[in-house]
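Both of the next two complexes hold chain A, though its partner changes from chain B to chain C.
Right after this comes the complex of A and B.
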């Protein structure tokens, strides 16, 4: 019984939240890693792209709610996703046409594109706040819980409850579908293979007749979809606040680098590595340990390695360790 | 001696009187190289002779101040490399000539990217030519040995069903046994009617399989003859083949 209680507490406070958070980071890291692999720069505007896509989705959600459309227990935002993706796609294609293409044609060094993307980041940052404001916005309508803690206790007879929120399940299901679609596209379709070929060897791709501008356009479309889905899922799980998306850049880049920049599978694994590390290190393990200790033995401390205020330090430390000992990431990415 | 003034219509591919370079100084000086249908033509010469540069000039990767490049009698001097691929030329660069992260089969599919018809028959032809590639079709090309990787590179180039295949030092960095095998395969390719033009560091072995040989020195044609005639020429032997 004690062991079961310990397991339930761990699942409730660590495994389920980290799974949802990891799925969100994985989607974000996939966008970063695709831009790095194809356009060959680290896109600092990615966090704010997520914010923009989420904002557009929220506006569409409000529109649907006004019309009285709903999905029952599932958040209406899921229905509004295509509109948000379309808006983000238009934004990214316009940014590429107006900004990045100019520098691409001049064949500038990657670091110049990184700086350019920071400029784009500041503009997007302002744009999102101007349109939707700086406040916390909750838009997760529908059923809040799939399993309530009290129902779980009543059903199992355990002392501890396991609560699973709808947003968490939606996150994992939608992220799973998105990742499966992406891998199918990259590995099975002609266009997807040409993207991998271009990422692998640009000169040989040109010799094979692959059109780089088309590859770039399709990349931005996919990145828009991934960023919007990641942004909306994060907003559903926590809440939507433009500033938090800027802060998400650190764990997202950490996830992409841990997995190996340019490697999509690595981005997914990296997302979960970062999420589980962050949640496990900032969670106070007192309750779990007390269940596991025999008899009357008890610990009185919180057993929390790091206060949640410092959760970003976890990404930082993992990032530094990886860069020191395995710079190309767990899965071989592009090192430069 | 072969014909002194080459006629473009006899050649599958001909770069005639090419003069040019990357900057102000010319690397090629009135240089002529080419290959007739089904022939193997080999370009040899000392280091820095402009062999690879001559190949690049024929493929449209070098600005030319003089001369003309024709493919099956058609003037292609103004075309981009990509357009030349579409016209039936295939080029295997010396390095970075495979997609390392892609499987062998995906490499071949990407070689056929411009084709809209069914490419599977061509893929099985490549597997017939290089049986080891068929066995390793699911493996990433980057994991193969040097010789196998060169086979992938040649296979990728053949996927466009070219009339002319250009190879830049296909045997660079492979063992002598692998080199012999690669040369055998290149002969087989030429037997199917594809004209081959290649630059080779291993001059003696390459001239042995060459219908036509060009010896370049400092961007100029020094000797042009059949492969066997060049091998027999005492001047060529002494200067370029080590006696």
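Right after this comes the complex of A and C.
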């Protein structure tokens, strides 16, 4: 019984939140890693792309809500996702056309593109603030909980409850579908294969007749979809605030680099590595340990390694350790 | 820096000129335009506003100089500017504020011991790794050391924060003249930069960027959460000043008389005079740093640094120690950022950790360097002023434009939204300016050569 209680507490406060957060990071990291693999630069505007996609989705959600459309227990935002993705795709294609293409043709050093992406970041950040403001926005309608803590306690007879929020389940399901679609696309379709070929060896891909501009366009379309889904899921799980999306840049990049930049599978694994470390290191383990300790023995401290405010430090330390000891990431990424 | 032409790793010989560009006619005209803009703001918005813009412009120029040293001359991609600036701000508190005697007595020495143990544990871990290459031993030292550190640290924190938490609750500072905080802020930032540089400088440029971004976030998290250090989000207010207070001036009969001689009432005269004094101090610091930077970059050392930037491999083949130079310049540039941070906190008179936002303190400084002309000290200084003026003035100008546009509109949602949106024009403008400069004048307003 005690062990079950400990397990439930762990699931409630660590496993479920970390799974949801990890899925969000994984989607974000996939976007970063695809841009790196195909366009060969670290896109600092990615956090704000996520914010833009989420914003467009929220606007569409509000529209649907005024029309009285709803998905029952599932948040309306899921229905509005295609609209958000379309808006983000238009934006990214326009950015590529207006900004990045010029530098790509000039074949500038990757670092110049990074700086250019800083400019894009400013513009996107400004746009989002201009259109929707800076306030916290909650848009998770529908049922708030799938399983309530009290219901779980009553059903199982345990002392501890397990609460699972709808947003968490939606996150994991949608992220799973998105990742499955992406991997199917990259591994099974002709276009996906040409993308991978372009990423692996640009010259060889060009020689075999792959149109680079088409590859780039499709990459931006996929990145728009991934970023919007990631942004919306994060917003559903927590809340939408433009500034937090900028701050997500650090864990997202950490996830992409830990997995190996340019490697999609690595990005997914990296997302979960970062999320689980962050949650586990900032969670006070007192309750769990007290359940596991025999008899009446109790620990006095909170057993919290770091306060939650230092969660950035966790992604940072993992990032540094990986970069120092395994610079290509857990899965072989590109080193160029 | 001619980054547009020379791809990374190109085999071209480093094109080293004996002397980095001087100001030139174009530069002089641009600086005159900046002076004109400040005067115009003085005429239209009042001289207090103009002097405030000037003072922050001077601080921005110093920050820009620091980033230019790192990026423009050495090609180091530091986007942790905010962290070093905040460390300078911390120095202003640690140097200028009077010590909280009771807190020092309650936990000061224990805190010092805890910090020393913490540093010792990290050093021990690094040493163990270097000597034995045993991951297990290193991890054991680090984990055991972490618990030892927490055992010493937590009670010390509790003791310090228990002392009059509403008004102090922190250790306070050394009670030295606050102007000493400027060089000490530089030293603090330099020490942090040395630690970061030792670990992260070998990394690829965009990895270094992410690492510095992380460091900056961690510095801010420490400032926000370690109440014993600088009161966290409760802020430290009422920092001592290097210049007299307005009320002192107003009570000074001689000052009031001189003000009357100029036809000014004592209150206005005192606020203006305080800002003029700050401007004098800041201008002196900027002048010294600018002269030092120009001298350094005209020296053989400066040529070597630029040669390394233009072609690392070739410079290394010539026997230049690339890693050491990078570390050196990373530390120097960060020290300048620390000095600027301490100056800014002194000018503000308070340390507000929540005010440190990366867009304002990291990326805005980058816009300054890019727009001004990376690789040219004069350009960086100019960029500091130009972008700061733009940053401050975009909002009122946008508000004025929107008000003029919406004057005849019916009051309602759209009008409110438009007026509200004017406040957010800043970031958009900065981004557009940056993108335009990168596209059409990639070398900035005053190019390197």
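Details
By our rule, the second predicted complex is superposed on the first by the 336 of 336 C-alpha atoms of A that agree within 3 Å, B and C clash if a C-alpha of one lies under 4 Å from a C-alpha of the other, contacts with A are read in each partner's own complex, and residues count from 1 in each chain.
Here is the rule we go by: a residue touches a chain if its C-beta (ideal position, glycine included) is under 8 Å from a C-beta of that chain, and two chains touch if they have at least 3 such contacts.
Fair warning: this is a prediction, and the values are worked out from it, not measured in the lab.
Of the two partner chains placed by the overlay, only chain C lies in contact with A:253; chain B stays clear of it. Once the two complexes are laid over each other on the shared chain, residue contacts for A:194 go to chain B alone; chain C is not touched.
Of the two partners chain B and chain C, more chain A residues are in touch with C. Touch criterion met: A:42 reaches chain C, while chain B stays clear of it.
In the overlay built on the shared chain, the residue A:90 is in contact with neither chain B nor chain C.
Legend: residue contacts after superposition of the two complexes on their common chain; A:204 is shown touching chain B, with no touch to chain C. Residues 81-82, 85-86, 91, 93, 96-102, 106, 109-111, 113-114, 156, 160 of chain B touch chain A in their complex. Chain C contributes residues 3-4, 6-8, 75, 77, 79, 146, 199-200, 203, 205-207, 209-211, 213-215, 217-218, 221, 224-225, 357-359, 363, 366-367, 370, 420-421, 424-432, 434-435, 438-439 to its touches with chain A in the complex. For chain A in complex with chain B, the residues that touch the partner chain are 190, 193-194, 196-197, 199-201, 203-210. Those residues of chain A whose C-beta lies close enough to touch chain C in the complex are 41-42, 44, 99, 102, 106-112, 114-116, 118-127, 129-130, 133-134, 243, 246-247, 249-250, 253-254, 257, 305, 307, 309-310, 312-313, 315-316, 319-320, 323-324, 327.
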